[in-house]
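Please see the structure below; I have some questions.
Chain lettering (A, B, C and D) follows the sequence in which the chains are written, and residue indices restart at 1 in each chain.
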């Protein structure tokens, strides 16, 4: 549909990081998860994103998780690596390691904790780009970094070859549409949506692919969904998306009275993967908590409804 | 596509309120605008919304604007009336007047200025519903009221027959999708999106119609767009939407260094309507400002690109 | 201490508006409250502020409340009138009525609901000033209007004689200090703090007076407090303030699981006033709720601790 | 004044981290700065806080800075170490290193980037406390972490001996006052304010000490200020604070059109220290920028006014 030939496209699960009860990377589970996703037909993997608990892993655990993903993928699909750190020097340090470990691209947010001006956000991406050889994707996730990338910023960075794509988890589909329109003449640019329940709509709007956390749990569904979009079978796409949108409500299983957004999302994905026997256990990093037995039953019920159990 | 038969659907422009240089309602221009929109084939009109400068009009001007819209529409299309006020007693007062003036529905936001709990937001809508006979639509516009209607709140109010629909200007398409899914079994519920640049995507996602401010300027475009959606010509829908998304950038004409969001949006729509000779002048209410001559040229250029001048 | 001779100073309670069970102004209770406050020695009254439920009253109820306050005060203390409306034309309409009813000053927030630029906020205050004869105080209350007046804006408006004072409910004591410093050479400017639990500290920092919602309940305490400050008896001031800070926790009586900030504050003040037999009943406007019997007992217990029951 | 004997009190500068032009820690400058502060009479040092560019330093640079501060202080004053990281495992890792390097306390924020529930924030502090031996201070800095510690959370953690103090940079002096009141019976608790322009007021309100970024530049002023507070010479305290409040406006020197809050603050402090010949150069970490020559002249002019150049 698009005249573009984006470097990254299709289904790109932000892979979760299975943990041991001590909080270490559970390499065996992670390997199984990588296999599960690749066999389902995903197009790439995004390691160490928000769903990958990047913010919850020590650097050595980050390195270990990335090694396992890259090693297991073994070139069958590209691996994008989140380099989620507060500021430029810290991001560059992580990006250098990711590149050395073999990541096919790095994914970088605007600075956080620091209080920065848009001009400084721009400088941040340019400095990271200058420091590493691999492609760079901007990760727009204001719910976590509390700074929104504007359409203008994104397109300026894209036009100058600083960023090779956008991973949009902003919820601002209006802005995403304008980025897609503005990037029409930039053939390699990858516009990836992180909104797992409107992927059909965003593909219609011109997205190149999706990074749905829920694709950890049901990669086959997202693969079918993106195939339907690619073949312009929009009614099929919508039906598949509607099914996935219902499944997505597993993120409501954990009580909002005792669980924050990270627990509710990642905790549910891991619980579902444990129920599906892909990973050994649903352990999450502190200060998150595992889902309770009752919450786990809610997840199980939704998986059954979706035909996944 | 949907088994629902929503009461309100299709293109529902949030009609702007043309003003005289003294700030009074310019009835002649408003009549022409109503005719222009109805002749273009819109399905309903939404008066006194954010685009209608409801928050900028004294009560007598609000009454006057609503009278003109309802009188001119003369039953050809339904007229929804915004009743945008801080709290329950003030909303009810406005809703009673709107009903008396002949509005076919009232559109109500959560309380603002007041600091309220979700339980109180729920009580607010129930009290308004109890006080007026006409259908009630919830208006989710957190950028203005700083409270977001949750999926749960919306569906609970819909299930109890308190609200007859949702006008979503929240930017949260993920939540909108969940509302659409949850309302599947509520035949009369109207799910209207306010996101003018992703209407194609939201229609694919199950919206019943759209309330695009830009439809003041190019109603024909939105009528074509929704027709394409209704006929499942999604590639056509996307092409039309892309054209409209480009046109929408008239809202960037006014400098962000001296104009807030209200001026940038409403000011641009009125400027375009004056350039198109539908209304007499682009006057806006204080403390907004009219677009400068240079900014007006930017709007004119975009109109020309879009074939509207 | 200050070389300034501010027009308004001392204890300025933001007087609550007692209501009947039907939501009308309870004039008899309001008269008693005015007498109670004046007899306690307050320096002025601020009617129709946030504590006065301005955002919850229809215009006719606003007018009635203001009439009663001004009529009962009968010139013994000045009456400031809140003109809390979304935008310039609506504020001016309210300000003209307030002036006609005899208010000694009007108190005006930045626009809300509307999305405005700082330049437009500035224009707003200038337009209001141009429209009414009475003194104008800026009301900085970002928790309700979601726009913060900056130090620069405030001082520019003060230097140009647009605003005669500031009622600071922003929580930004750092900014307040800078305003006080910047206004050192503006003799008539009134710097009033709305932070009832740090009045001693703000008086030390140069405030001219305080607008404590809690002064509805314990005006004698605030009168003692400000006298101690005026006489540089800072240890006494702190002890009085500490007592009032403990009393202020009546605003925590209403459960945060079912009551928003408005209910928790105004509801508690009215409950305390009813317990103290100053007003007939603790009725609040919709969608707020009255405190439950148990919550009321909590308020009573705190009043007893404070020696007020 | 307080019956408490807090572990940390008085002037506790959040020491900046001088850098080389390559971004490495400039140890010689940092040593001189430590000497400058200790000779001025400060009571403790807070290394690796926001002013210390903790979020901008790689881990090895953080370690180096902390080593230099602790080594130079050599036990003359206690050294508190910021352990500013996104989540529990990462904070614990930093806290263990800080303790090993000899820090007298660690200072920890709520989680950031992660989306957490208050229950999870509580768990976070308890887990950190369980992991390290040294005293733990909570750092309330919502402008950076976007979560506010509530009065209830803080007092519950203090009552259980989890936190030994609070470093309040929230701007919420009302909450701070309630914490001070609530901690009255906890003798070792340290209530430290981070609001450099209202230290007099916060000391009157019961603070035990202050952590003013500006104390890097003018430690003598803050030492005089806290001495006046300790001796209840409140008029002197206010006069000293007013002088410092004027000096604080050096943080407005960098243009808000091209510099974020971090640059404006830290950049100004470092510029002033370089002008005062305490550190070699005003280098800041990316993506911040140094002040321009013109902005530097503004800083110099303010230093001269304050008698510091």
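Structure notes:
We take it that contacts are C-beta pairs under 8 Å (C-beta built on N, C-alpha and C of every residue); 3 or more make two chains touch, one makes a residue touch a chain.
Only a predicted model underlies this, so the values are computations on that prediction, with no experimental measurement involved.
Fewest steps needed to get from chain A to chain D, stepping only to touching chains, is 1.
Touch-path distance (fewest steps) from chain B to chain D is 2. Fitting chain A to chain B on Cα positions gives a rotation angle of 180°, stated in steps of 5. With centres taken as mean Cα positions, chain D sits 34 Å from chain C. For the pair chain A and chain C, the distance between C-alpha centroids works out to 48 Å. Work out the mean CA point of chain B and of chain C, and you get 35 Å between them. Checking each pair of chains for touch leaves A-B, A-D, B-C, C-D. By the touch rule above, chain D contacts chain C in their complex via residues 1, 171-174, 177-178, 181, 195, 197-198, 200-202, 204-206, 232, 234-235, 237-238, 241-242, 245-246, 249. The residues of chain D lying in touch with chain A in their complex are 23, 55-59, 61, 84, 86-90, 93, 111-117, 119-121, 123-124, 127, 143-146, 256-263, 285-289.
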